[in-house]
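Input: structures, listed below.
In what follows, chain A forms one complex with chain B and a second complex with chain C.
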Partner chain A sequence: MSTESHGFSLREWIFTTDHKRIGVLYLIGSMAAFAVAGIMALLIRLEQSSVGPTIVADVATGGNQYNVWLYFHGAAMILGFLIPGLTGFAANYFLPLMIGAKDVAFPRVNAFSVWLFYAGIVMALLTFVVNDPPDVMWTGYPPYSILTSGNTAFYVFTVHLLGFASILGAVNFLVTVIYMRAPGMGWNQLNMFVWSTVTAFVIQLVFVPVLASAVTMLLFDKYLGTHFFDPAKGGDVLLYQNLFWFYSHPAVYVILLPALGILFEVIATSCKNMVFNYKAAVYGGMWGIVLISGEVWVHHLYITGMPDWIRIGQMVSTLLISVPVGLLAISMFGTLYRGAITYTIAMKYATACLFLFLIGGLTGIPLAMTVMTVHLSETSFVHAHFHYIMGIFATFSVFAGVYYWFPKMTGKLAGEKLGNLGFWFNFVGVNVTFFPLFIIGVQGMPRRYWNYEMFPQFEPFHKVAMLGSLIVAVGMALTIYNWIVSAISGEKAPANPWKSASLEWTDCANPPGPGNFTKDITVSADWTPYNYGR
Partner chain B sequence: MSHSTAEHAHHWETSWAPLVLTAGILFLVPLTFSAYFVYQNHLYTMVFAGLGTPLVLIGVAKWVSEGLTQKPLLAGISPSALPYFIISEVFIFLGLFTAYWTMRLSAGDNWPPAGTPEHMNLILPVLMTIILVGSSVTYHIAEEKLDHDDIGGFRSWLFLTILLGAAFLGCTIYEYDHLIHQGFGPSTNAYSTAFFSITGFHASHVIVGLGIFLAVLLPALANKTNKYFAFCAGMYWHFVDVVWFFVASQVYYW
Partner chain C sequence: MKGRLVALSIPGMLLPGVVMAAAPAKIVDPVTSWNHLWNEVLIDLFLMGTVFAALAVYWLIKYRATSPDQVGSGPKLSRAQSWAWAMVPAFIFMADDFFLAAKGWTVWNIYRKVPDNAYEIKVTGNMWYWQFEYPNGVTTTYAYDTKEGDGLMVPVGTPVVLRMTSNDVIHSFGMSAYRVKEDMMPGRVTYIWFLPTEEKQSWVTCTEFCGVLHAQMYAPVKAVPRAQFDAWLQKKKSTT
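Coming up: the complex of A and B.
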């Protein structure tokens, strides 16, 4: 490899247009967002661990403090960690390698995307600098977001910058996959991760702009005096919720799809198996999700009041999306079947994901049912449901990906001992944290309350959840510490430690140099990234 | 679409243009807006705008000059990529139109709402349409000149296109000024909300389009052109033109 190793150069990193280095920059930025948002989560759990003020100053101002934590936790986890971690870090580093390309189609635009992402993180972090931080959750519903004395503008601009980064990334990667696949590589020979990223970017391309327009109207209403969401002047307050969820429900699949894509890579490699039902999973599962994702958003508005025909229609379309999701789940479990499974740390996270996916998926069904949802809406049941399916499941898949590709990125092996320890703390911790919330949710514990003095019977459950969050904190600290230490002084990795058949392992160095491959890649008609001869 | 290994395999590619442009955008848009509208701090407004503007200009200039001199990984791909970006743009406009349609349809007979001038100027939009369509035609001629390697002709027709675009913006400024003096501003009622947001958002696209044209014209003065860049500038401009038909028909004549 003509890497021309002349040591570390800061200039070469911050001005880089190389997709691998941009991927690493995405990983660093999104892990930073994850850490700060995780601290917010800890504050939230600590506050709820007792009825009345626990760590907030007093009853009068407690709500404001708590709302800022909620805002930062939600906005930074979703927009600053999950989406950039999956479609920024993982897609950037590995998608071009998997299709045998030297870089993405527009390397400078790619660098532009990652710096827009960092600008978005800067706007989010200004929350902790100003005297009037945003306190509008990650949803920014009016009229509160317009009437609040908090700085809604920072929320809007965070969304704008991260959204712009996403749209440019979507254009870049779609064009890359369409035009830059290695000669001979057909559509049915792509890695599952490549397909999952393509479908996620299709969703981003179409739906992010609608969110951008919605928050722009919010900005205009609050600061320029327009009346989009002001019923007194002929505006419509529910319009915002519709536009917001028109993007933000599909955003769930922007996270789900690449997360599943990583799991497919980890599972197929760790089982040395073909991906079961490849075409059904890609064309039925992934594209099915793209197709239906835009027709289900109204289920977020069930309790705002709507005609029955919309409510029933949305229930049907929401339940319908379990068909493509089911196809993907069958495909994942089928890939395990008769596999020669090796439980690496990545595979442990992947297996945990299957469990989390099951719990999170099944608890989604009652929420889709109109008869049940009136009872469950706005309770911590919803909170626990989306943390299982979106929060933890997707986070664990990012971790599976980092462990799986760690030798590729660093040339070193990640430490087994700390890695395993971190895994078990994380896995036990998240379940201890969120399972109690299902139980009290069914019994009526409302979401988002910092002071639940009307429901003192739920306090023991919150104490358990707080304990769980502390366990997770230890697990996360161990995991991130392990990555840093292993990247610096880990054991040297073999060229293809997991014996994968995928191009990023078979045909380039650890880590790959400029231009990725030493020779031009061509693949034959019977090549697949999962060719394990089984 | 074969690309040889040798050219891109020897060193790490770098460019400082994206980082500088991003820093400029961060100062010029979110921070300047927040300083002015949220904190009403004129000093910070000036500082942020003063930092942001040159950074954006330097970033764009560097980017364009690299685009004109460096050999891309995959030449001629941008005309295939821009349509995807335009899909995104279409959906931003759809979001705004959805808001407008929602307000319009829920108002019933109470439209236009109180505060709207009795007689909106409906002649001006016709003139603006003619100007904008005319500018698409002149740019088409400019591109034909470029295809025949007539760079002088390209420059002249491009210059005319820019003049027409500027004239369109002039009409917008005249119209806004006139309406605001009649007491019809962004905060007047639901119609004014939609009117200023949609026409203003379209006008911002005209400004971006003009900026792109300047980025094509200035290097062309030194005989540096890239036909794909020129083609993409045109495609964006035609898109802005097409959107105007929707803006005009929905906002003025419905």
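Coming up: the complex of A and C.
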């Protein structure tokens, strides 16, 4: 686009190739997925709040409804909200700005990718329209996913579309970072968020094709009569789980890394401090995760009867993930040291994330141990663990990012009052929801059980969790309402409201016009995005 | 002199092994081992979590900005400090990892080594019920809707090994009271063993998503005294 645009034009938004608009489109699409999947979460909490049928029809058919909610909640939150929210929205909008680029390397491919993403969201939403909706959880394990009367094809095509969108994004952003950095910008001068996006996309590029082939084999088995996963015909019943987790465990890091990247930006800016031990965090932490991520998937198969040597071997590699993650944690916590901390809403979310990261990360350690998992797996302990680290932690980091970059995207300040209120509702609510699940998980509460009549003693805990989910619902509604109202009629933001030293704040307008920068950006050898007054 | 001491001490070192081999093997209850290890892991986690949390809280309060223009003064690390801040924590984490891995492995070996005198029961998973087959051919099951059927009956004091498979999709046999769980799959036989130490009723629940009635796929596990168990099994045999 060569000319400045005036006013709103739907046509311009549909045919846009501007990375900023594509980023906003990703944000809107992923927040829509988040909202629908969030409503599913409320239904799930409501259903579990009493032992027998609460809102489902009856014992015999209740699973038909409940399992579809579970399927949609999982698939949409992970594939439709977290991955596109972090690598679609945040990377699209801010990565080119941070490296001083005018756009991404392949703007048209980028536009294609966002519309593929929307097609994927529509495919997922068809769940609520078709007869026999998919009921295979986000994991889609055969033989069930092949034998079920539910339409597994919708699951497969949703994965295909979102996966393809993600691969295109991966190629695009890796090329962009390699070739389009501002003159003078060395690898050790990149924003942490840029590094986290690069490492996340390396993981996507390597592993997504494996997931795509796994679900394609499901499709063939169910509809075309092949027998990849049918042992009676010479197939292997566990092959799918191996392929699925070979992608889907690294996918956890595709979410974790950019989430950490956003937090580094928010924390470093809010502390006016340099990132503590940058090189250890980037080369040891982020690249360490990339290196080990492909060698840990068997911890999802500890209870499948895999041979001992691989269960023990991957217990060790899974535990070793604590080394790169620990380096990142030290770097993140260390950035607070001798900082000058200002508690903006974004920083409040980031502080909450430090806490969630500790709880979620540490509860992963027993789950890395094969023998501990024999009892804990498939209980609500696992459920609570990954909701802390992957669910809430990553969601809060998206929220931290939206608040942090709100003036950049809209030119306006987000409302403080509603923002703070929303934050406290969200933070209290998620802990009230998920902490009780750790306790009953250790006592054996099975996952994916809407009816737990064999364990009536867990009912009070589920009631507390339901209460928590209602608190979260209020917090989320306040937050999203606040964004919409502030974007329309918020107070005008100063050029660099947080006094950040990063390029997206120092060198472009709020919001940046076409081409992002008014002059070509070059950086000197001693420039870093975290240079504060020294 | 030194050589003689060493030579003398070799049988001494062997002695405990000989004694242990001679004594009847004592069966270690996996539940006790699991609970013990769980407590140790919790202590480990609390220690690590407290260090990070306490430092973070202290810094988050101490380093609040006093004026809007104040900037941080975090230390600029020298090359050596940078390496030290990477390698020292890495080795501490790694040491803890190997420590936990070794601890976990020890208990894992208890879980996988079935005691010699274990009582064997075959279990088959179906959508959506379990079928238990005892050595004398008796089979039992349990219906979630009528609450009828014996479920899994086991004798107290005897280790029980379950040989498990499935007729349709993947199910998983989870007994939280005995801290065990393993998948049952078509075309494969998996196993778990456990030691009923006291008379009690607990539950087995299906712990791998298996469809509409997944949450109804459960059955009672009744541990009864050996005599009562034998009598029940005889009676079952004669009535079928």
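The criterion applied here is as follows: the second predicted complex is superposed on the first by the 528 of 534 C-alpha atoms of A that agree within 3 Å, B and C clash if a C-alpha of one lies under 4 Å from a C-alpha of the other, contacts with A are read in each partner's own complex, and residues count from 1 in each chain.
Quick note on the criterion: a contact is a pair of C-beta atoms (placed from the backbone, for glycine too) under 8 Å apart; a residue touches a chain by one contact, two chains touch by 3 or more.
Source: prediction; values computed, not measured.
K.L.:
Looking at the superposed three-chain arrangement on chain A, would you call chain B and chain C a clash or a fit?
P.N.:
With chain A aligned, chain B clears chain C, so fit.
K.L.:
For A:103, using the defined touch cut-off, is the partner it touches chain B, chain C, both, or neither? Pick first, second, both or neither.
P.N.:
first
K.L.:
Please work out whether A:224 is in contact with chain B alone, chain C alone, both, or neither, and reply first, second, both or neither.
P.N.:
Once the two structures are laid over each other on A, A:224 reaches chain B alone.
K.L.:
Output check: A:517 vs chain B and chain C. Expected answer is one of first, second, both, neither. What do you get?
P.N.:
After superposition on chain A, A:517 lies in contact with chain B alone.
K.L.:
For the overlaid complexes, name the partner, chain B or chain C, with more touching residues on chain A.
P.N.:
Here the partner covering more residues of chain A is C.
K.L.:
Tell me which partner A:316 touches in the superposition: chain B (first), chain C (second), both or neither.
P.N.:
After superposition on chain A, A:316 lies in contact with chain C alone.
K.L.:
Measure off the angle at the C-alpha centre of chain A toward the C-alpha centres of chain B and chain C in the combined model, and quote it in steps of 10°.
P.N.:
Between the chain B and chain C centres, as viewed from chain A, the angle is 100 degrees.
K.L.:
So after superposition, what is the minimum Cα distance from chain B to chain C, given in Å?
P.N.:
Superposition on chain A places chain B and chain C at a least C-alpha distance of 12 Å.
K.L.:
Can you pull the chain A residues that chain B and chain C both touch?
P.N.:
The answer is that chain A has no such residue.
K.L.:
Sort out for me which residues of chain B touch chain A in the complex.
P.N.:
1-5, 8-19, 21-23, 25-26, 29-30, 33-34, 37-38, 63, 66-67, 73-74, 77-78, 80-81, 84-85, 87-96, 98-99, 102-103, 106-107, 110, 113, 185-187, 189-193, 196-197
K.L.:
So in the complex, which bits of chain A are touching chain B?
P.N.:
2, 4, 11-12, 14-18, 21, 102-103, 105-109, 111-112, 115-116, 118-119, 122-123, 151, 153-154, 157, 160-161, 167-168, 170-172, 174-175, 178-180, 183, 205-210, 212-214, 217, 220, 223-228, 233-236, 239, 243, 513-515, 517-520
K.L.:
Flag every residue of chain C that touches chain A in the complex, lowest number first.
P.N.:
Against chain A, the touching part of chain C is residues 34, 37-38, 41, 44-45, 48-49, 52-53, 55-56, 59-60, 63-66, 68-77, 82, 85-86, 89-90, 93-94, 96-98, 100-101, 103-105, 107-108, 111-112, 144-145, 168-170, 172, 174, 176-177, 179-183, 185-188, 190-191, 203, 205-216, 218.
K.L.:
Give every residue of chain A touching chain C within the complex, in rising order.
P.N.:
Going by the criterion above, the answer is residues 59-64, 66-67, 135, 137, 139, 141-144, 147-148, 231-232, 237-238, 271-274, 276-277, 279-280, 284, 303-305, 308, 311-312, 315-316, 319-320, 322-323, 326-327, 329-330, 333-343, 351, 354-355, 358-359, 362-363, 365-366, 368-372, 374-375, 377-379, 442-444, 446-452, 454-455, 499, 532-534.
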